[in-house]
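Next, two complexes with subunit A in common: one pairs it with subunit B, the other with subunit C.
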Partner chain A sequence: METHLSSKTKQIIISPDHPFVIIGERINPTRRKALMESLARGDFSIALDDARKQVATGAHVLDVNAGVPGADEPKLLEGLARALTQEVDAPLCFDSANPAALEAALAAYEGKALINSTTGEEKMMNTVLPLTAKYHAAVIGVVTDDSGVPATPEARLAVARKIVQRAADYGMSPEDVVIDCLALTVSADSLAGRVTLDSLQLIRQELGVNLSLGASNVSFGLPDRVAINAAYLALGIARGMTAAITDPTIPELATTIRACDLLMGRDEYAMRWIKAYRAARKAKA
Partner chain B sequence: MTLLDDLRQNVIDGNAPGTQSLVKQAMSEGMPPEKILNDGLISAMAEVGRLFEAGEYFVPEMLVSARAMKGGLELLRPALAAANVQAIGKVVIGTVQGDLHDIGKNLVAIMLEGAGFEIVDLGNDVSPQKFVDAVNAHKPHLVGMSALLTTTMPKMKMTMEALSAAGVRGNVKVMIGGAPVTEKYAMDIGADFYAPDASSAATRAKAAVQGK
Partner chain C sequence: METHLSSKTKQIIISPDHPFVIIGERINPTRRKALMESLARGDFSIALDDARKQVATGAHVLDVNAGVPGADEPKLLEGLARALTQEVDAPLCFDSANPAALEAALAAYEGKALINSTTGEEKMMNTVLPLTAKYHAAVIGVVTDDSGVPATPEARLAVARKIVQRAADYGMSPEDVVIDCLALTVSADSLAGRVTLDSLQLIRQELGVNLSLGASNVSFGLPDRVAINAAYLALGIARGMTAAITDPTIPELATTIRACDLLMGRDEYAMRWIKAYRAARKAKA
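Our next item is the complex of A and B:
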């Protein structure tokens, strides 16, 4: 199954037969004071710099979150969509729970965006899915619903199925729904990683849809987070994850993903692996 | 090592059975329950908070210390009630509607309980109405709201409005926190204070109920 995303000038395909898709997470004001303050005064310079750095280090798609406290989010998200389109050719992933902000950005966007996200909650699906369909976008469906976080892989599959079916009711094909199996942190519950990994496998097998995770929070509250995040990406990819919202500017993460692509048979003659190695060596020299 | 030192160390190490047996021993030796609470359990949790803030302790260690503290507190509660020892205040706490991330909120609840507060934990995904209902039902001194996501943070403002609309805003102090939350946002939505982490949440909550 192939999920197509595009900017004005570039198409990205998410599928098990293509390189793993990195959705760069850095354009998000959470815990980033300088970015937050710059966005609050309508200054996109830090966001644009984040965009360039992430694309240079391997991001295929850029997540864009304009959730600055007290700011006019629709105006900000639309402004970012326009500015980022001028700067980089990576397709965008609009990260908001504000329907007006999503609509403003989608209306301005010349391409096929990804929306982050809907859940299986009735109210969310009834708001986000019609917008996704109207603008011919794709959407991330997070496997929680009105009764909270499902505890088992089977229950997460049921929510995933509900989201895919509801999207179909709005005329969307399953290719345009990327399921997020929900990565909760292992510092609070040491079984949280396992449940998510088993969910990836089950949902991949039953629904065949593309799968993504927000892959950085899993290690919250623990030392040596990068090592945990890298292992999590590798384990997830082995179970059918085809995209992740992560930070490619962290070399260990980008390297792990490239190694996984090679080992999963998605890097013919290891050309991308070798090319990245040479680029890194040259950068060091 | 004195009995209280030993008790503190067991909480800090997250040893729940050890904590319980030392609390039992202290009680059987006739130590006042308030002393066991303040100089044993609460003092240990303050140290755990300090270690966490200093980056020496990690989240799972804080959780096992909390479990040990709670085990000890359970044994102590009847004695505290009999001696008429009051909690220093009551806090209704929850992660706002739409947000399923509860670790930050749980850490705050742990530190508040460890500082001597009574906690009414509403869990995660708590609607403004649920906060209002809990304030009416429990008559707390403080309401604590947490949000991890920029997308759920606006629910804090809605909850503030719901508290005002229900006419109970004046009865409580409101504290907020969470990754995207800032001091300025707290002031903008009319909260009483913001806390950047679990330890300072406990310190500021204590100051708030003691009118400092």
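Our next item is the complex of A and C:
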């Protein structure tokens, strides 16, 4: 199954037969004070710098969050989207809980965006899915619903199925729903990682949809988070994950993803591996 | 399914419900000139040092290879096994293509050893399996046979099944056969990694046996081999691999394995992760 995303000038395909898709997570002011302050004064320079750096290190798509307290989010997200489109050719992923902001950005966007996100909650689906359908976008569906976070892979599959079916009611095909199996922190629950990995495998097998994870939360509260996040990306990829919201400017993460593409048979003659190695060596020298 | 190995003083269990088992690969004179020369003069100091370092960095079992050209391998392997048993409590894995050497080491060994290895070749099975059964050892069964290396996961499953069944003919239970799905180099064949990963999953699902890999060959001929090998360990673990012959003295590999245990729900309260992190920080300071 192929999820197509596009900017005005570039198409990206999420699929098990294509290189793993990195959705760069850095353009998000939460916990980033300097970015937050710059966005608050309508200054996009830090965001544009993040965009360039993420694309240079391997991001295929850029997550864009303009959640600045007190700001006019629709205006800010739309403006940021326009500025980013001038700067890089990567398709965008609009990350907002504000429907008006999503609509403003989608209406202005020339391409097929990804929306981050809906859950299986009724209110969310009734708001986000019609918007997704109206603008012919794709959407991330997070496997939680009005009953909370399902504890088992089977229950997460049920929520994923509900989101895919509801999307179909709005005329969307399953290709345009990317399921997020929800990575909770292993420091709070030792089995959290495993349940998510088992969910990836089950949902991939039963629904065939593309799968993404916000893969940085799993290590929250633990030391050496990068090593945990890198291992988690590889484990997830082995279980059928085809995209992740992560930070490619962290070399260990980008390298792990490239190694996984190589080992999963998605890098013929190891060309991308060797090219990235040479580029890194040149950058160091 | 649990594979039990033991030295005189320590038991190790290979199983999906236990921490991933690291079989330390360093005591092998192939391509290690100083070790080769020391073993040739009956000097075990380098080997014993390798043993200590591997156990200190996380090896649960030690692979022992005494293949020194011109040496009396049975005598050397037996002597080395005795010396190692004095030095460390990790169970041993006897690595030899010489049946007399295997028998000498097994006869002297007080515990339940692992044998590396048989294949599905008739001559090999007829030699190695009776020895394994006679000494109540366990054996690694590599999925290649008289027809060569099978190209597909299904064909590798067939060889694995043959080895397990032949072992049963000698009175061995499937617990005592650890299947090696054969990691070939991705630089020679882009699909080599993927076929092995798919084989792990299929064989685990169909036979339920424990699975090991010699996980260092996959990166042969490529730059930044450690990053490839680390990613491969994680991918394999996600697919059901429960042990690997690898080098835990390479920090990235040991760290990746510990992260995978954490993320697969095999490290309650992240205690081993945090302990290893503290030890590493202390060692640095």
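What we mean here is this: the second predicted complex is superposed on the first by the 285 of 285 C-alpha atoms of A that agree within 3 Å, B and C clash if a C-alpha of one lies under 4 Å from a C-alpha of the other, contacts with A are read in each partner's own complex, and residues count from 1 in each chain.
Operating definition for what follows: a residue touches a chain if its C-beta (ideal position, glycine included) is under 8 Å from a C-beta of that chain, and two chains touch if they have at least 3 such contacts.
Just so you know, these numbers come straight off a predicted model, no measurement behind them.
On the superposed subunit A, the positions of subunit B and subunit C stay apart, so the two partners fit side by side. By the document's definition of touching, both partners, subunit B and subunit C, reach A:P223.
Counting the residues of subunit A that each partner touches, subunit B and subunit C differ, and the larger count belongs to C. Applying the stated contact rule after C-alpha superposition, one finds that A:G148 touches subunit B and leaves subunit C untouched. By the document's definition of touching, both partners, subunit B and subunit C, reach A:S187. Judged by the touch definition given at the top, the superposed model places A:T256 against subunit C, while subunit B stays out of reach. An angle of 90 degrees, to the nearest 10, separates subunit B from subunit C at the C-alpha centre of subunit A in the overlay. Superposition on chain A places subunit B within reach of subunit C only down to 6 Å, the least C-alpha distance between them.
The contact surfaces that subunit B and subunit C form on subunit A in the two complexes overlap at residues 187, 190, 222-223.
Those residues of subunit A that touch subunit B in the shared complex are 28-31, 36, 65, 67-70, 95-98, 144, 148-149, 185, 187-188, 190, 217, 220-223. Taken in their complex, subunit C has these residues touching subunit A: 186-187, 190-191, 193-194, 197, 218, 222-224, 227-228, 230-232, 234-239, 255-256, 259-260, 262-265, 267-270, 273-274, 277.
On the side of subunit B, the complex with subunit A involves touching residues 58-60, 63, 98, 100-103, 106, 124-125, 148-154, 179-182, 184-185, 188.
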